[in-house]
Each structure stands twice: as structure tokens, then as C-alpha cells.
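Multiple structures are listed underneath, in C-alpha cells.
One chain, subunit A, links the two complexes that follow: it is found with subunit B in the first and with subunit C in the second.
What follows is the complex of A and B.
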């Protein structure tokens, strides 16, 4: 019969069966670790600044003369988690359309970045914001007041998109 | 003051010092355990409560006091109540016979550095008390009326009895050399650098491994094995009753380390140190230095206990029993025979 023997007797040699040399090796390993720099961070005092490639909370770009969004609803259509709701209206400005209502439900958002990829105006981008705390479900539905972020704060991501999208 | 009253006051002062010192040592061991584990994991560890997190243990104890004390409905309430008391009581009772240095003279009165000085069965008392410690854990497991607790309690009973045997046998070589069970005399027999760790290296290794098993620490922490038994014998304990088990575990660690220092590392003996200091014999200063030497030997062993915990995985139950009965016990017996033969030969040729 084809039997594979893999007992402790076959696996270990004499010194390994003695335990003690191997234990000393293991202890040496942990002792070396003790003198290394900690890899953890003192979170509330030390915060990590992500690079442009980071996909945090999706936000709307706010330019000097108003929002970029033209309420085409492509993001809403492409969103796999159905997190985005857009209601369009018309204006007399050059772009002619703007969203009256733009809501992202952060309980549904999966940070896939499809909305950003599909947006023809580069109006919705992923920000670096990863500190998302809500005390109830209503708070987690972000309206235009919370979504619009001045373009100056989003330069890293816009630069990243120009180079790699 | 009458001599009796003075004696009683000195005794009470010593008891006060030892009990509080032991509890503080246990509390700070918990802190260092957490710190060292953090360093081994490349973390920072507790650093919020007080400077460098030094008051973390007090915050923990305070929290344990405030927690609700839950007794399971179907538990054996009396035993459930007594078990932690046995654990901590026994862990502390051992310190009655452990000497921290030689006696010193104050105002023409000899003061000993232990609660019960000159007990000629000192070592035996320590072993008797530490085997009573099994009751605390086994009763806790039994009285909780929980299968995980029971398994933990039974495992601890099996483990502690198996390892106590080789532990007891390993020190017989030491006793043969010292010729006494009195811990002070065992220390004095090691004067001048004749530490038992050099004379009895095998006994030291056996004693070391057995102490890990006796104190229920990794790699022998099967009684509390979190992944399989939830929390083992203290699954059903909460609040300060759990805290007492916790303190008892660390107090036992200090006891085991103290025993290693006394039996194998020469206690407070340090060749050349006392001659170099040239302090008058019997002064309290000598006793202080002796205590310092004792503590300086104690700390590395305690560090070793913690270091091993964060390096080694847990033994399997059959490996534990194999190691205890098939390896440690024969080795301990062989050690006695070899020590006996060597001592007889040395006596025969007049070297000793």
C-alpha cells in the first residue's frame, strides 16, 4: 500500500527531538525582535497621511466658480452597491445642469472607485479621508454639504488620476 | 516594651512588607509581561496610564474591583468562593520561609530576613504549599460547573502532579551537597562561587522546566489554553476573584524564580562583593546589599519566564505527559544516582 509516513520520528533529527537547541533558536529570534523599532503608531497623536493612490471617502470637487458635477448620474448607475443618489436640475450657467440632491450612503459604499473612473467631468474623486465615524444611520448618508471639498485639498488624487487613469 | 511585644511588632512589620511587596511585584510583573510581549511583537505596549504606563496595573486592579462578580447558578457556591482564596493564600504562605538575606543586628537585637527564620524543613514547606496550590485550580474547575473549567482543572491536576515529582527529585542532588533543608543553610553551602548551577546543571534544567509547568506558564499553560478551553479553570470567574487567580499566577512565578535563585544561583552569595565592600558584619547595610543581590538574580529569571511565554507554542497534552514521565523523571533519578556516586568517590579519595 502507498502510505506516506510523516510521524514526528521521521521529521525530526536528534537535536530537534532534544527540544532545547530549537528552543534556544526560538528565544534568540524573539530577543532580536525586542530591539527593533515598533511598527505600530500612537494613533490619535500620530496620523498616517495616505498617498494619492489611496481610495478613501468619495467626494465632489468644488472649484472656485462652483461644483464640477453636471448630474449625469453615471456614477449612480455604475455604483455596484447602489450607494449614490443624484437628482438633476437646470441652471443658466455655462454647464446648464447641476445636482439639486447628491447623496452617498457611506454604509453602502465599498470604496471601489468606479464612480471616479466613470465620471466624465472628473467631478467625483476618492479622497484620503479614512476616519469615518457615525453615531446613527442617518448621519452616514452624506449630502452635498459634506461631499463638496475645495479642489486645493484634492490635488494629490487629481495628479494621480492624470498620470495613471 | 516587653521582648514579646517587640517580636510581634517586628513579625507584623515583616509580614506587611512581604505581602505588599509580593502584590506590588505581581502587579509590576503583569506590566512587564505586557511591555515585553509588546517589544517581542514590535509594538509599544501600555503607555497611557501614568508615565510610560507605569500605573497600568493599578488601573487594571481598580477595574477588576468595580466589575460585577458573577457566580454561575449551578455552581458549588462555597467551593467557588474558596478556590481563589486557596490559590492566593498558598502563593503567599510560601514566603513565610523564604529568606532574603542573613540576619542583622538592630539595637542589640537580631532581626532575620524572613518571617519564619531557621525553619529546618524550609524547602519541604515550600513544596508542600505549592502542591496545595493545585487544590485552588482544581476546585475552581470543579465548582464552576462548566465543562471547559472542569477540563482545565483536571489538566492542571495531572500536569502539576507529574511535574512536581521530577521537580522534587531534581533538588535532591542540591540537598545532598548542602546537607540541609533549611534554605539559609543551602545558600551558605554555595558560598565562594560554588553555585549549584555549576555543580548540578542537569538538576537546574529539570527544575527550570518543572517550574514552568508548576506555574502553569507557556509552554505548559494547558490548564488555561485559551483557544481550546476558553479560559480553563477561570472561565466562570469575574471581577476580583479572577484577579486573585491572576495575582496568584504571578506570585507563583516570583516564588519559582526565588527558589531557583536560592537553590541554584547562590541566593544572596556573590563571591568577592562583600569583601570588597568591607561593611561591618551584622549591620542592616549588609542585609540591604544582600537583598539587592538577591533581587538582581531574581529579575533575569523573571524576564526569562516572560520571554519564553512570548516565544514558544503550547505543548500538546501527550507531549506534556511524555516529557514529564519519560524524560524528566528518569533524568532526575539518574541525576541523584550520579551525584551520589560522585560524592562517595570524592569522600573516598578525601577531596571533599
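What follows is the complex of A and C.
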């Protein structure tokens, strides 16, 4: 019969078939790592602080007199994942409109940053927040209460955008 | 018949037409702001400049030829505005060449000098002519480094019209509309040059019953609807062709929907009915009842209260109740708010199934509503159709609406089967309804009739059904669903916005309420079949086919033809009026 033999058994040489020397080699590798500086960190006690270029969850910029967002829905239109829903309403402020509802569905968001790029008001920016844990689908839809972040906390990103956008 | 050539295309047109009209008749769109086919020509925006000329003739009168054998054209010394230049035989028009393009670009640059860059907060964005042309006919660069002019923003010209001076491009469409169509000449330009703006004359306000049409025809976002302001971006909505149910004119409209909720209505061109317009009253009222206070499932009476029931329970309850009465004790009431299909099956139900000739319908007449423009005194869309398909008082033995109250009091009518959910609105009937042994009502909204009913059958509004209405001029017009119900999801054939297409169950923006309501004729069919009728209509088109086969006035009509010609007149399906050019001011509106 014309059978092409290529089983594991066929590929191994005698020493490899014995296994024991290989086990010793593996143990040796492990032993060597023990004396090296660890690559991992003790998360969550030890946290990584991303730089301004990091694209964590998108958030809304909150200034002293309220949000910058004018509810133009451009972020919602450009979002490739349809993660953003905005409902506008009228204000007496100069810019006429504000979002009564602003929701980002974090199960849809793919952290592309398009929303930040399109925003005419620099009102939505990518934050450093990467810790997104939800136990049900409803919780993953973040409203204005969770999205609005004081501008002071977003300085790194705003600085990054000023320099590189 | 003058022959002209536009962009190399030879066109036969009629004398007296302007270039822009001749072009539009042949599907060529010349950029324009101030021109509107429903208004006089003012020729002030200059966006429609085109290069015109005539073939050069030699001394002997023959046409000169260039080396390729084509005509040599004597181009005019200056460009001409297409909206005010009449066509002449032999005229050659160039709408795309370098000279025209240069002029268009210059006009766009000029118009944008003082235009604020506030598209993000402007309601017109997405359906704005200035945006469209900036995209198509402008270099996208400004050489203007000086300060932009500031003008008043948020000025209320009338109760429904908000004006933003900075966005106005001074096309005067609104002024001409107020003068010529609304016949309320209260708008005017004040100041000159770049200070020019629109005002109402002192002591006046623009409150004509047609005022909101200026929000549509304003080519920019200078005029916006106070009812709709900021409710939604247009690209998030779906727009479905429909017919206004507000009065018997049957204006052609578009229904703007987002998340299964109607946010606005706007007119749709039909030169045989409403031209380009609709009335403010309809815009403000004819969508609210679809969104609010709805009967969202069938109900049956248990003791003193109405409780939700399944369709099976409700229809069999209705059938059982009807069985208890003699045919002559039952009165069937059709509805001028329901479609021809609904009324046709109801009439068939009364005559063939219940076997009574007590059938009629209630007219909703409001003389204060009519005017000599579009609005009529009949506040229902289909009174003509109801009569035509057989819902009418049967002389002499049948009971009519006028003696119904009396017959109920005399106890000769004990049961009422009503398709018009609003008959208690007629004060003479309100008390009489309490004396009935059985009241079965098809209804869309909670009201004083449904409070008294024994069985309430949740029916669809005009925005949720497929069918036809017949207007006061006997024009049969097609209506299709714009809003989804539990009976029909947003599937093929329905207009869908981006949100509708991609929504999933965990998206809050895809959860708009789906009501458990059904078309009137479907409900009638179920009950009729329980009483042994044996009907097998599967969709509205089936019923309509039956109508066109059995009711002579409808013969030759079909849904396809109704859509193709935007309506057909009763008895004249064989000789339809041509639809003509359907002008839409903003043609790039996303859907």
C-alpha cells in the first residue's frame, strides 16, 4: 500500500524517543528563567499607566460649564461599529444644542478612534481606561454619567492630539 | 418647437420655457438656489449660470463647420442664468465646461464668504443645497481671511419658523413663497450688501397655515422647523412615501421615521394633488397619534375593565357576540379613515356574512378647516373610497348614521360593529353607545369610544398599513407602511435607515415599540371566517385585485400602476395623467 508515513513516531530520532533528555532540557530552561527579571507585573496591584497615544475607551470632555459636545452626531455617523447613539436637544447656550442622551455601547466599540478624529469640538477623546468589565449587556451601554470626564484628567490625550492630529 | 442642445444632448422643448425647465424636463439638473418650480423667477443667486451660444453661420446662410465636421459655436460674451433665460431654437448650452465650472466655483466661494461653518449644529445638514454644491461645485478653499459677518440667530419669524440670519444666502425663496403661495406677504429683505437679512414687517408674524413649507424650500438651514428642531439628523431616518390622512385632499407626503417613531412629515411632489406643499396642521398633528396613546394590543371587556387579550381570544369573542343577535339588530359602521381595502371587505362582511343591510359610515366634517388652497372640510382621507367600495346607507330599509342613535334608543339596533374608532366624537352618538348590548370597535388610539367597547381590536394607522385612499377628486393613491408592527417587521420593501439595517436586540436604538395591531381588513377576515365566510386574502394587494375586478370604478387599477403614476382617477385607469417631473429641492438626502 502506498501510505506516506509521517507520524510523530517516524519524525523523532532515538534520543528524542527516549523523552528523558528533553524533559531535562525543558526543566533547565525553566530554571534559567527564575533568575531573570520577570516580564509580567502583579496586576491588579501593579497597574500600567498608558501614554497619551493610547486608545482606551472613548469619553466625553467635561469642562467647567458642562460638556463640549454639541450633539452633532458626526461621531455616531462615522463610527464603523454603530456604537454611539446621540439625542440632541436645544439649549440657550450659544452653540444651541447639547446631547440629552449620549450612549456608547462598549460591546460594539472597537477602539478605532474615528469618533475622536471626526469630532468638530474635540469633545470626544480616547481615554486611558482599559478596564472594562461588565456582567450583562445593559451595563455595557455607557451613558453620559459614565462618559463625562473632567478635562483635567484628559490632558495627556489632548496634548497628544494637539501635537500629532 | 425649439430644438436645443444641452451638453451635446439634442432636446426638443417648447417655446417660452427657460433653460433650467427644459433641462429638468430631460433629467438634467442645473445647479440652482433661488429657482423653484413652484415660485416665480427671481434670478438673484447666479448659481445657475451656464455657457450659451448659437452655431455660427457663414455669409451664405449655411452652418460653419470646424475641422471635425462639428458646428462652430458663437459662445455668448457672458454666461447666462438658466433660470431666467428662455430657450431659443438652435441654442447650444454647456453646463459642465470650464467657463461654467469657473462661474459655479466663484459663486460658491462668494456665498461661503459669510456663511458660518456650523453644519455640525445645523438641522439642514445632510439635506442642504449649499452643502451639496460645496461638495460638487466648489474647490473647497476660501481666500477670505477677514472676519465673518455676524447676524441674528434664532429669530422666530412665526410660530413654526425659526430664522438664522448668518446662514441665509438671500435667495428670496421664502419671501416669494409667502407672497405667492401662502398669500401672506409679510417677509422682506432689509439692509443691503452683506448686511442684508430677512425680517417680518413690523407688527406682523409669519403664521400662515402653510408657513412650514419655507423650512423645506429654504436651500440652507436658515429656516428650520420649531417642531422638529434637533429631533434627529436626517441620515438617521428613513423616509417612506405616504399619503396624509389629515383631510380629503390626500397630499402626498414622506414619513420620516427613526427607531420606529415618526419624527416628521414632509411634502412629496405630486403636480395633480398638492404640487410641492402641505399644510402646517398636518405636519404638527398627523404623526403624533401614531406615536402616542396607542392601543397596542387587542382587548376584551371583563366586568368593568378592558383587559389585553390574544388575537384568537379577541376575534372569537367578537364572533361569538355577533352570533347572539339577529342580522337586523346589527349595524356595521365603516370608516373614512380606513383604506378602500378595509371598507370593501367590511361591506362584504356586512352583506354576505352577517347579512344585514345596516351599513354606513360617519363623516368627520369640520368647516373651519377648509380654505381655498389645499385644506378641505372633510377631515378624513377616504370618504369617497368608502362609498365607492360599498360602505353606504342602503335605502330604504337600512339604518344610516343619521337615525342610528334613535334606533339604538328604540332597541331595534343592539349591536354595533365599528371600524371607525372615533365615532363617539360625534356628540349625538355618545350617549346612545351606552345603550348597546354589544360594541365591537377597531381602534388605533384610546378614546371615549374604546372606553365603552366590549371588544377593542387594535388596528393600524395610515403609517403602518398597505392600502389605498381615494381623495376628494376621486384620485386613488397608494399608501405603504413606514412604521413596523408585530405583524410586519422592517423587512424587504420597507424603507430602512442605517439604524434599522444594522440594529440588534441589545441596541437601545433599535427597540422602538412594535405594536400588536393589524390591518382592519385582516381583522374583518378573521372574524368573517369564524362566521363561515371562507375568505383567503393573504395581503392587501389581493384585496385590491378583488376590488378592481368587482368595482367598476377601480377596474384596470393595480398597486404597480398606482405607484407608477402616483395615483389614478376612479373610472379612468385606462388614461392616466402623466406623472411629470418630480422636483426635489435636496436630491442628495441620504436614506
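Quick note on the criterion: the second predicted complex is superposed on the first by the 131 of 165 C-alpha atoms of A that agree within 3 Å, B and C clash if a C-alpha of one lies under 4 Å from a C-alpha of the other, contacts with A are read in each partner's own complex, and residues count from 1 in each chain.
One rule holds in what follows: a contact is a pair of C-beta atoms (placed from the backbone, for glycine too) under 8 Å apart; a residue touches a chain by one contact, two chains touch by 3 or more.
Values in this document were obtained by computation on a predicted structure and should not be read as measured data.
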In the overlay, work out which of subunit B or subunit C sits against more residues of subunit A.
C
Subunit B versus subunit C as contact partner of A:60, first or second or both or neither
neither
First (subunit B), second (subunit C), both or neither touched by A:72
second
Please work out whether A:125 is in contact with subunit B alone, subunit C alone, both, or neither, and reply first, second, both or neither.
neither
Subunit B versus subunit C as contact partner of A:23, first or second or both or neither
first
Pick one for A:154: touches subunit B only (first), subunit C only (second), both, or neither.
neither
After superposition on the shared chain, which partner residues are touched by A:85: those of subunit B (first), subunit C (second), both, or neither?
second
If we overlay the two complexes on their shared chain A, which of subunit B and subunit C does A:97 touch? Say first, second, both or neither.
second
Set of subunit A residues, in rising order, touched by both subunit B and subunit C:
none
Of all residues in subunit A, those that touch subunit B in their complex
20, 23, 26-27, 29-31, 33-40, 42
Touching subunit A in the complex, subunit B uses residues 36, 38-44, 47, 205, 307-308, 310-312
Could you please specify the touching residues of subunit C with respect to subunit A in the complex?
120-121, 125, 153-154, 229-233, 235-236, 498-499, 502, 506-509
If we count contacts the way the header does, which residues on subunit A are in touch with subunit C in the complex?
70-74, 76-77, 82, 85, 88-90, 95-97, 103, 105, 107-108, 120-121, 137-138, 141
